[in-house]
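Paired with subunit B in one complex and with subunit C in the other, subunit A is shared by the two complexes that follow.
Coming up: the complex of A and B.
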């Protein structure tokens, strides 16, 4: 029902639907307040027993009112109606039922309650074993869960961002606003984050007086002042959901959730906030009392009933009772009575109190023993036997400081026996999280004002900042005391402790009986405090119940700690804009535009997009293109973009000494303008990476690495430079992006390059032999570097020009090469040719193989120390039985080989014991007309000519192969030296 | 033999656009070189720098702009960058002078520069830049190396609301998309 004289009724009228029915609310409503105003009592069904449930709270602690919002791909389940800002056209619906929310077939679970208590499926579904996977688990999974996903891609946009401040203030109640006003005076950067869509926190829910006026006047003044300050930033609709090390907090800002029109702007922003200090003004959360049938729709937290009445002018029914164990429950009675509502009774578990309202019927020292009304409370029965007809029951079990965020770094709360409440431990202070107000366990407004002044001014003084004056406020006077009467002794199977997970007092008793007495065990056995509300309203009840069973108090029982996130966060918001192709950056090679024009098929190699092959007209199958590219290269000339190989510019007077240490082989005596192949080992002696390194000057080398390892090798070299050899004069710069580098391979490669370079004679064989390099100019003065190296086994070069000339040079090489029938080739043809030549690549140097496996043991210099040198001499690496790199070809040439196949001697069964090696790389060789492979097999170099099986158990395929030399093409290297 | 002419391309082909009142434009430069300070030779390098560019060598994470418009910035203990927008004698005169003291690596092709300018530029950068861009912390002329959307970026503050962002040229398309997306999202 709505109080027609409440100011909210003067605001814009909004229409919305819930479970398909149209309702009206006002701007400023939440979905929950609007549903209450429309007298919608059942909003959902409980998780396990499918009991009808209504709205229970007014904030993010809500355990019951989980609803689905939106439709189609925009549908979002498990949203708390208490946190949803109402807007015109909102579509909401209940969840977790079979049939309708008012008639749920799954409510049969409620009748079976005695059989499906805590831990029932740990015991029930033990046998027969085979039933678990096919019967039990599917049934349980179908029955479990709350809302349903749309199963469509979320079309909303999300973003992330970074914020920095000196003081992060979480919460904008009186202590948050006071903290902000004080800290802003210091000149520090202040960031106020408020979960609600309006500022003011709990003051918005109360009828408190500040400086002689309604508190809303002071809120308005404070907010106006803060908004006028340049060093203050305010984010409302934003929830800090996690605290991390080094003053980092994560927050979700809801940007467009309250707007119907789908905006191209991000719906939510995931902020990473860096702060020097955090002021935690997140207030307190009211807890319930466990008594029989305490979950009926219409039974709500007393403070929330007050919130709905004071802030939204909304309430259930006309006959309201309050059940409390503390003074705050009486305030609800006062406020509701002042609104003209009938207060049937205040039932206080305490026998003696200072009566706050003598004109309200009160029942002291009594408890509620029974409630009536399955789909909405109708009556309550007291321990004295009295029965009262009510249509709303407001329950208050006292207040718990909202210290969730202080636990995220393992801070353990401590029990405060005065206010019966957990407070943040010492860890919070160490982490520069400073609780204020109710978060500090202070619940009376006059004390909050004085304490916040004291805490914040002390912080300012401690930080040596300019001291502002106290904020002088006069306010209403409150009093608060609380008992720990939280659990009833009758009918434990119907006394709900945790409404979200349907954990009853009986479940706590069962846990105790079965030995799960520790709070950690209790939580996991009973699911107390789990799920979307993380037990915000139930934890203390559970602990009180366990304390009662153990005959001790809560401080002895202890508590579990809260983990992030404070509220549920959409996975999309965590991913933010990193979705689809934006998941990671894309790197394009310098020839990308030309390759695209030539219809290249691209492949992702790390972040790079590389041309895989270049299909021509009439080619319908990838291998037609690849075979053609290989044959044209071997017969004439081919051009391939090899820019992606890591290029590291190494300069310094000690760089040759540095290279001697990182490579297994020596580089100090490498002449200028020469290239040498180098092998790097890890510290444990396993092969790490390989590549060529060219010497351009006495103190200048260019190292190449494999594409995949380029960043890792540079990082490793920097580690060596900065940590292992800090006294060497060596400087490393990654120049991978700076140079476009193309392999020009094939018997006509020299003739093609002679058309490009400014001095063609410089590159004839006599002047520029195999493994030579030099800096030169091309195309009329463009600076270039030329390396005579060959990955294909052909007469070949790699030419490098500054990246900005990349497309132009690739195009020029192809057009100038037309007379030789030059062909661009991609990574597939590159791979085929290197396998034909027997060059190891990533499949062979895969972190499992050694120089000895690769047949490169002679490259390990014994004269000088180098990384991995000593450990490469380990016995296991050097025995006569080690697997060595070998070539393989199918005995029947028509058969295909599969990479990864295991090599087994003929006549032996394919078992682990008989496994002698594996095929690491295979390809169809157009040069030889059949499949070939590289692989590792025990004593491979002594077994040339022997036949073995290549067994692929995944494809159930066995192929007889012959062990051959790994060098299928030009084993003497005549071509590359020609 | 017909003369072959290689056309030089900019990573973003001279991109320029205004989104949400933020001017985004490719920062054009003729050359970009890095200078490494040889071990224990900082004093010599400082003298050389002053002689070569007429400005004192900047301290770490600071910059200079020479009279001829050359931008120099230092991003580490032993590493500086010199960005020459268009000065014609840079390659023939300045670079050989610098070579007398520094180890020089030409990185012209390795980097792409993007200028972002406008009243809402900080709002935009908040979405991708993890640094605190408050003027108290990151003043005009300051430079820092950081990560934006997984990419290595050098950020230079030219004025209160104008920044130059350098990122690797191979991923410049992705970087530009990040900037555009951030500008649209504010």
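Coming up: the complex of A and C.
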């Protein structure tokens, strides 16, 4: 119902639907307040027993009112109605029911409650084991549960942002606003973060007086002042959900959740906040009391009933009772009475106190033993036996300081026996998290004002900042005391401790009986305090119940600690823009445009997109293109973009000594203008990268690495340079992006290059033999580097130009090459040709093979120290039995080979014991007209000519193969030297 | 975490690559006696204490400095940050 004289009724009227029915609310409502105003009592069904549930609280602590918002791909399950800002056109619906929320077929579970208590699933669905995944779990998941996902990609945009400040203030209640006003005067950068869409925090829920006026006047003045200051920034609709080390916090800002129109702007921003100090003004959260049938719709937290009445003018029913164990419950009674509602009773568990309000019927020292009304509370029964008809029951079990964020770095809360409340431990202070106000366990406004002044001024003094005057405020006077009467003794099986997880007092008793007595065990066995509300209203009840069973105090039972996130955060918001193709950057090669125009098929290699093959008209199958590219290259000339290989420029007078150390083989004697192949080991003696290094000058080398390992090699080189050999004069820089580089391979490669270089005579065989390199100019003066190296086994070169000329050079090579029928080739043809030549690549140097396996043991220089040198001598890496790189071809030439097949001697069964090696790379060789493979087999170099089985157990295929030399094409190297 | 880089000031730990025990700085002499045992120890035996630990961090998304960071692995308190080449 709505109080028609409340100011909210003067605001814009909004229409919305809930479970398909149309309702009205006002701007400034939450979905929960609008549902209350419309007298909607059942908003959902409980997790396990499917009991009807209503709105319980007015904030992030809500355990019951989880709803689905939106439709189609925008649908968002498990949203707390208490946190949803109402907007025109909002569509909401209940979740976790079968049939309708008012008549849920799954409510049968409620009748079975005595059988499905804590640990039921663990005990019952043990056997047979394989039934769990296929049968039990799907059924349980359907019955127990929360909302359903749309299973469509989230079309909204999310963003990440970074903020830096001196003072982060979490919460904008009275202590938050006071802290901001004081700290702003120091000149430091102040950031105020408020979860609600309006500022003022708890003051908005109360009828308190500040400086002689309603507190809202003071809030308005304070906010106006803060907004006028340049060093203050305010983020509302923003929740800090995690505290990390060294003053780093994460917050989620809801930018457009309260707007119907789907905007191209980010829906939410995931903020990372860096601050020197954090003022935690996150207030306090009310807890409930466990008594029989305490979960009926219409039973709510007393402070929340007050919030709905004061802030929104909304309430259920006309006959209200209050059940409290503390003074604060009486304040709800006063406020509602002032609104003209009938207070049927205040039931206070405390016997020894005096009634705090004279004109309200009060029942002291009594408890509620029973409630009536399945779909909405109708009556209550007291321990004295009297029965009262009510349509709303406001319950207060006292207030708990909201110290969630102080626990994220394992801060241990300490029990305050005066206010029956956990406070943050010492380490919060050490982490520069400073609680103020109710978060510090101070619950009376006049004390909050004086204490906040004191805490913040001493922080300013400690930091040596200029001292502002303390803020003088006069206010209402409050008093608060609280008892620990939180659990009743009768009917534990339907006295709910944790509403969200349907944990009853009986479940706590069961945990205790079965030995799960420590708080950590209790939580995991009973699920107390789990899921979206993280037990914000229920943890203390569970602890009190366990303390009672153990015959001890809560302080001795202890508490579990809170972990991030404080509120559920969508995975989309954490991913923000890092999804789909933006998950990682895409690097394009310099020839990308030309390759696209030639219809290249691209493949992702790390972040790079590389041309895989270039289909021509009439080619429908990839092998047609690849075979053609190989044959055209071997018969004339082909061009391939190899820019993606890592390039590291190495300079300094000690660089040859440095290279001797990082490669297994020596580089010191490499002549200027010559290239050498080098192998790198890890310190454990396993090979991890290879490449060629060219010497351009006495103190200048260019190293190339494999595409995949470029960052790793640079990291390792820097490690050697800075950590192992810090006295050497060596300088490193990655030049991968600075030079475009192309392989030009095939018998006509020299003739093609002679058309491009400015001095064709410089590159004839006599002047520029195999493994030569030099700097020269091409195309009329463009700086270039030419390397005579060959991955394909052909007469071949690699030519590099500054990246800005890369696209033009690729184009020029192809057009100048037309007379030779030059062909662009992709990574597939590159791979086929290197397998034909027997060169190892990533499949062979895969982090599990050694120089010995690769047949390169002679490359390990024993004259000088190098990385991996010593450990490569280990027994297991040496000896006559190790697997060595070999070539393989099918005995029946028509048969296909498959990489990953295992090699087994003829006549032996394919078992682990008989495994002698594996095929690492295979390809169809258009040059030879059949499949070929590289692989590793025990004593391979001594077994040439022997036949073995290549076994693929995944496809149940066995192929007889012959062990051959890995060099299928031109084993003497005549072509590359020609 | 924030790491107080000796040259660049406070930097977010996400800019760094973590390499664990700074013992990797003390590579054995390859010609020493029992060099195999020493290298096995160097390569495979690392400390991973709950408490104060000297660790290697590489500023890969920054100036490529290798740093030796003395850090309490329980509290994440950082006690000292040095350039590896100067230790």
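Observations
We adopt the following convention: the second predicted complex is superposed on the first by the 975 of 978 C-alpha atoms of A that agree within 3 Å, B and C clash if a C-alpha of one lies under 4 Å from a C-alpha of the other, contacts with A are read in each partner's own complex, and residues count from 1 in each chain.
Everything that follows uses one rule, which is that a residue touches a chain if its C-beta (ideal position, glycine included) is under 8 Å from a C-beta of that chain, and two chains touch if they have at least 3 such contacts.
Quick caveat: nothing in here was measured; it's all calculated off a predicted structure.
By the document's definition of touching, neither partner reaches A:323: not subunit B, not subunit C. In the superposition on chain A, A:688 makes contact with neither subunit B nor subunit C.
When subunit A is checked against subunit B and against subunit C, the one touching more of its residues turns out to be B.
When both complexes are overlaid on chain A, the residue A:812 reaches subunit B alone and has no touch with subunit C. Contacts of A:918 after superposition on the shared chain: neither subunit B nor subunit C is touched.
Judged by the touch definition given at the top, the superposed model places A:97 against neither subunit B nor subunit C.
When both complexes are aligned on chain A by C-alpha atoms, subunit A residues 274 touch subunit B in the first and subunit C in the second. On the side of subunit A, the complex with subunit B involves touching residues 157, 159-164, 189, 264-266, 269, 272, 274, 577, 582, 584-590, 607-608, 643, 649, 651-653, 699-700, 727-729, 731, 733-740, 755-756, 778-780, 782-783, 801-809, 812, 816.
If you check the complex, the residues on subunit B that touch subunit A are 1, 3-11, 34, 36, 38-40, 78-79, 103, 105-111, 126-132, 134, 137, 149-151, 168-171, 173-175, 177, 181-182, 184-185.
Those residues of subunit C whose C-beta lies close enough to touch subunit A in the complex are 1-2, 12, 17, 19, 24-25, 27, 30-31, 35-36, 39-40, 42-44, 56, 58, 60, 64-66, 75-76, 78, 83-85.
Residues 244-248, 274, 409, 683-684, 711, 714-715, 718-719, 722-724, 726, 865, 869-871, 873-874 of subunit A are the ones touching subunit C in the complex.
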